[in-house]
Amino acid sequence: MAIIRRELEPILANVVEASPFVFTAGAIADDLSLDVAGQAREAFRDLDKFLALCGSSKSHILSATIWLSDIRLRDKMNPAWLAWVDPTNLPARACVEGKMADAECLFEIQVIASKGR
Amino acid sequence: MAIIRRELEPILANVVEASPFVFTAGAIADDLSLDVAGQAREAFRDLDKFLALCGSSKSHILSATIWLSDIRLRDKMNPAWLAWVDPTNLPARACVEGKMADAECLFEIQVIASKGR
Amino acid sequence: MAIIRRELEPILANVVEASPFVFTAGAIADDLSLDVAGQAREAFRDLDKFLALCGSSKSHILSATIWLSDIRLRDKMNPAWLAWVDPTNLPARACVEGKMADAECLFEIQVIASKGR
């Protein structure tokens, strides 16, 4: 099986391709001064880019795990989620509370997608 | 690859089939007034239903992630887990603390399974 | 699809093989008196063993989820991670806070890998 690791950082690959699936690292916003919806939008934009590099897309997400620094932010995050996901191809999703490495980080998402084909 | 998304809710699919695997959303109890064992049993019942829709079952679970609102509930949850899982086909499991969207929610589980065949 | 479950404990399998992928349970240290780097090293040693049983290895990890009992331990854990991972085959990784079953447990990791070939 060919495994392709892309968007390398010193400690991780942001996306790993192992046909027919694509696995992402936890994606967070670049600008952690944003509110949770803004942070989610930035993380989604990164996911779009990482998935595209593998011939995948948000329409091909199978499973998503979302962490919020405070679970009460969920209602403020969900509209950003709904504006981003493909409504005809909704992922299976779990969303729980979990603090992230930076205390300002409110949102993190890790997904498994399929390759577009 | 054919991707089939079932049991749709407004923001997610409860189960997504992408042969040869099946990915579920986080499953929680309907009745959040139950204790953790009761909530786990309700979530397992939902998983049974979702997996069956994809030709899979609890005997085909590969990986499970469980979140408890308070990790000290683990000992009260485990008997419900043991009563539910197929003892000849135990999943790989991680169980950690993580608050869920509803403050009454004590238990959530997300799994990856294989198709029965 | 042949599913092989190995290193069985009473409530879970430590590793489940479902070609072309391998799924591990949450791995933790045996000696919970160690600091976070020491606990991580023990968990990695277990992962090495479990992956080898399936013809896989740390070089074949696709996705890793790490939980820390206190996210501020991340900087103390990362050197152990970097000393362990294959730098030419970095996994996609998410690392969040989440308490584990034993209050002394500081580190847990669950991975999805590919089979060696």
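The letters A, B and C name the chains in turn, as written, and every chain counts its residues from 1.
Methods note: a contact is a pair of C-beta atoms (placed from the backbone, for glycine too) under 8 Å apart; a residue touches a chain by one contact, two chains touch by 3 or more.
Given the structure is predicted, the values throughout are model-derived calculations rather than measurements.
Visitor: Quick check on chain B against chain C: do more than half of the interface residue numbers occur in both copies, making it same, or fewer, making it different?
Guide: Counting which numbers both chains contribute, under half are shared, so the two copies meet through different residues.
Visitor: How big is the rotation relating chain A to chain B when the fit is done on Cα atoms? Please round to the nearest 5 degrees.
Guide: Best-fit rotation on C-alpha atoms: 120 degrees.
Visitor: Averaged over CA atoms, how far is the centre of chain B from the centre of chain C? Could you give it in whole Å?
Guide: Measuring from centre to centre gives 21 Å for this pair.
Visitor: At which residue positions does chain B touch at least two other chains?
Guide: If we look for residues of chain B contacting two or more partner chains, we find 21, 65, 67, 98, 112.
Visitor: What residues on chain B touch chain C, complex-wise?
Guide: Interface residues on the chain B side: 20-21, 60, 62-63, 65, 67, 71, 74, 78, 81-82, 85, 89-98, 112, 114-115, 117.
Visitor: For chain B, which residues count as touching chain A in their complex?
Guide: Spelled out, the residues of chain B in touch with chain A are 1, 3, 5, 8-16, 18, 21, 23-26, 65, 67, 98-101, 108, 110, 112.
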